[in-house]
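You will see two complexes here that share subunit A, one where it goes with subunit B and one where it goes with subunit C.
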Partner chain A sequence: MAKKNRTPLFDRIFKPEHIVLDNGHTVDRPKSRTPLILVAFLIIVFISMQTTNFNLPRLISRIGQFPVILGQIFTPNLHYFDKVIPLLIETMKMSIVGTVVGCIIGLPLAILASSNINKNKPTLLICRFILSILRSIPTLIYATVFALIFNLGAFAGTAAIAIFTLSIVAKMLYEAIETIDMGPFEAMQSFGATTLQSFWTACMPQILPQYFDNCLYCFEMNVRASSILGYVGAGGLGILIRERTGYRQYHDLGTILLTLFVVVWAIDQLNNWIRSKLS
Partner chain B sequence: MIEFKDVSKTYPNGTKGLQHVNLKIEQGEFLAIIGLSGAGKSTLIRTINRMIDITDGQLMVDGVDVMTLKGKELRKFRRKIGMIFQSFNLVSRSTVIKNVLSSDVPDMPWYKTMFGIYSKEQKIKALEALDKVNILEKAYSRCDELSGGQQQRVALARTLNQNPSIILADEPVASLDPIIADIVMSDFARINKDLNISILINIHHVDLALKYATRVIGIRNGEIVYDGPTSEVTQEVLNLVYMGKAVPKSTDKIEIEGMVMNNG
Partner chain C sequence: MSEFVNNNILEKLRAEPKNLWKRLLVTAIVIAVVIWGSTSITYNGVTDKGATIAINIIKGILNPETATLFNLGPNGVPYLVLETMAIAVLGTVIGALLAVPVSFLASTNIVPKPVAMVFRALIMLIRTIPSLVWALVWVRVTGPGPFCGVVTQSVCSIGMISKMYITAIENLDTGVLESLDALGCNTFEKIRCGVIPQLMASFVSTAIYRFDINLKDATTLGIVGAGGIGFPLQEALGSGKWKRVGSFLLVLIIVVLVFEWISNQIRNRLARGRS
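Let's turn to the complex of A and B:
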């Protein structure tokens, strides 16, 4: 019991200010903790600078290179566009197939991972564990591994995107499933439907808009992600990005980035339009 | 016939839902179950289709010991028991007819369920069920466009669509206004007479219970304290059921509203 009322260590070192009012009532104003937090913060920043070899003079002396490269990127070499197109199409194919496959596999996993539908604790926990492992691995790692397993090329990238999509979609979806109205599900159970029948008929209409929304969001992310996967040899625009930065052809890189920007923007607009139709 | 033989239910947290309940309900009876909130009304009703497991005694429904059922047998058994809920439990985003058709799902192959394919006969049957509760014109509206009373009638149609021999209703009129509540209760009464379906209703409106039910069960702390015909329910009986607390006189008001109903 005595432990509960013990004054914090900080207040025992830095004694609170004792204020006495005119009428004799007293109150303790604890010393501000801000200076201590500030000191701790500065120490952390200093240690981080040491370990990352941050060098301010070099930053200042080399900053002049920044506008040079940016300038080249912002004056894209439009003749290079012809070479971008085929790989852009490959990137799009990878993200479309990867997203569709991931979203389809993600759905049953989401159902298994919803505590209100799946009453079987072991399968629930195993399913969630697998999902969190899948989610914690970056797409680039999947792409590297799959490129080794399935050979270099678009297939490895597609598989990487599919795995990543399913882990994200399943996570977002099971959280949606856990917040739905379970009344219709209960009604279905009461007249003899199986868990799966009840889920499909009573719960699916409730989560469908959210599900499509998640799928579209993933597609948007995947277009961006898949353009970088070529960096590790998994097909798509990334191959060109690596090659052009390697040759320091920043005008060409500018063309690639410009194309990518236009495509991502277009997809974003398309998604917004579909979303407005869904709700 | 439903028969409770010394049935008890103790919840895992120690709460006694039912204590030594003995009941015999013949086919075609219209039972109103009254009692305070938490007295065990919902427990009593839900043990019949085994949405809740009993912990003691024996419960026979049409000659079947309910507690011996499991998996497929249990689901088949539940096909002939309809259930109505206070909050309707409809898929509010779906159309009325889709909700009614959902009670056909347990008998359908998975691919038809998956794509929501229903046959012409099923659709006609569902429309007929909607017609029985006078809401046919709303068949293709979305459920969330309907009022509470209409939604409860859709739920009733969904239950009729499964051709039950028993309907369990858990506070079916608790979230409805008095006039709509009266209409929904008269729907129950009509179905009970026309189709000879046993109806068990949990209800807080004593006046409605007395107006429509043929038999009243009073339950207090999980024990049955009254079981008899509606005509023999007196103020003493109500006092016993509601622990001696006077039942507020909502009866007078309802009678006035009943008159409005008759005139209109």
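Let's turn to the complex of A and C:
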């Protein structure tokens, strides 16, 4: 409580303005923090511009290149379509298997990482720590590492997707588990059921819709993410993206992106349909 | 057994809809899709050096190369992290500013529906193309280097940020605007007192959230030559300098986790107000 009553440092440096109202009461009006935040923000932006060699004139003088490339992308080479399909299917397979494996492993981890089910503090913290570390590494870096450990190809990509999915699903799920109604769980425990039994009967029905929703969300994300994993040798469309941009064949890149766009859109619609069925 | 159970409960249980067949069918479809999916993903075993590589990377993270970690030159970790963060900051700021007009033009309560649809298609297009591909395109325009990363992230961020902005704009409370109208405010005053206070918190919150994503993204854009820590990391991985890989990964994990925590704190404060 004592902590709450302390005046913040800011208000001690910049004294609040005293206003005497007509009826004799006084009100303290704290000075606005906006100028300070704005100055700090501008300094950060300035440092960033120096570090990244921000160069608007160069961008403006060469922006003409961009419509040329974009124009080539928007006139896709439809003959290239035959080569895209097999790798598109590989990408789909990678994301399906990666998502399913990740979601299945993510479920027990989420249970271990939710503070209302797992009362054992050390395992809870270890579990959450591992999940945060797994979540902080980008998929592309997983794919690079797995392509070195396993051979180049779809397996490395699938493993990368599975690891990333499990970290995300587990996080979203343990946040959901912590908000559920614990009444049924306690009732089961008072019957003498074990933690696992009572979780399965009392909590699973509550989190299942959320869980499926999270899995679908991850699947959507993974289809997009897996399309570039091939760039580092982990199988799928990325191989073609790397090859075609290397040769500056932007018409072919357009074909790849067009197919990707259609597939992502179709999956989006399918997921919306499944979601409407679920709820 | 049943005589011990309350009859009411039994009746409730019988009244539950029986959808066993439906469930079996769905399960069968899912299993079939997974089996189809796993057909082409063959496990070729670990490469000859695979196991040693895995152990070396973990060893590297636990025992990083201090020479790289504390080298203040352009090849050291501190400068590379600064560069990565700078890319993410500028990418987010420019993206968030560009997203404002786009999202107003894509909100159905501001502009007529056909216009909104055009801009929504644009947003969807930006979102579908992976950021790595955007970087590959922009690298031809700006040349390699961190500036390419900034331009790429500025464009990529528009997609997601606009999507969140649109939700905020469409939830605008128009009652406030009507009462300001009744007070005789002009358009500028209405925007200043009626629109900005309603949108500011969610706009800033979205931008900070996107900064988190951009920071992670900026670490991989280097692979295609867009600056940041990605390229040196890739190089170290390729040449088998596991200790250097370890020091990059360690710093990457720490920076991402620290900024995730900071951004959560700020966003919580924005959502709940100053305590």
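Throughout what follows, the second predicted complex is superposed on the first by the 236 of 279 C-alpha atoms of A that agree within 3 Å, B and C clash if a C-alpha of one lies under 4 Å from a C-alpha of the other, contacts with A are read in each partner's own complex, and residues count from 1 in each chain.
Quick note on the criterion: contacts are C-beta pairs under 8 Å (C-beta built on N, C-alpha and C of every residue); 3 or more make two chains touch, one makes a residue touch a chain.
Computed from a predicted structure; not experimentally measured.
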Subunit B and subunit C placed together on subunit A: clash or fit? clash
Looking at A:Thr245, would you say it contacts subunit B, subunit C, both, or neither? Reply first, second, both or neither.
second
Contacts for A:Ile63 in the overlay, against subunit B (first) and subunit C (second): which applies, first, second, both or neither? second
Looking at the overlay, what does A:Ser190 touch: subunit B (first), subunit C (second), both, or neither? first
Name the contact category of A:Leu131: first (subunit B only), second (subunit C only), both, or neither. neither
Chosen between subunit B and subunit C, the partner touching more subunit A residues is C
Residues on subunit A touched by both subunit B and subunit C none
Listed in rising order, the residues of subunit A that touch subunit C in the complex are 4, 44-45, 47-49, 51-55, 58-59, 62-63, 65-66, 69-70, 73, 89-90, 92-94, 96-97, 100, 132-133, 136-138, 140-141, 144-145, 148-151, 153-155, 158, 224-225, 227-228, 231-232, 241, 245, 248, 253, 257, 260-261, 264-265
Subunit C residues touching subunit A in their complex are 30, 33-34, 36-47, 50-51, 53-54, 57, 82-83, 85-87, 89-90, 93, 124-125, 128-130, 132-133, 136-138, 140-143, 145-147, 149-151, 216-217, 219-220, 223-224, 227, 233-234, 237, 249, 252-253, 256-257, 260, 275
The subunit B residues in contact with subunit A across the complex are 49, 51, 74-79, 81-83, 85, 87-94, 99, 102-103, 105-106, 110, 113-114, 116, 155, 158-159, 162, 164, 168
In their shared complex, subunit B is touched by residues of subunit A numbered 181, 183-184, 186-194, 196-197, 200-202, 205-206
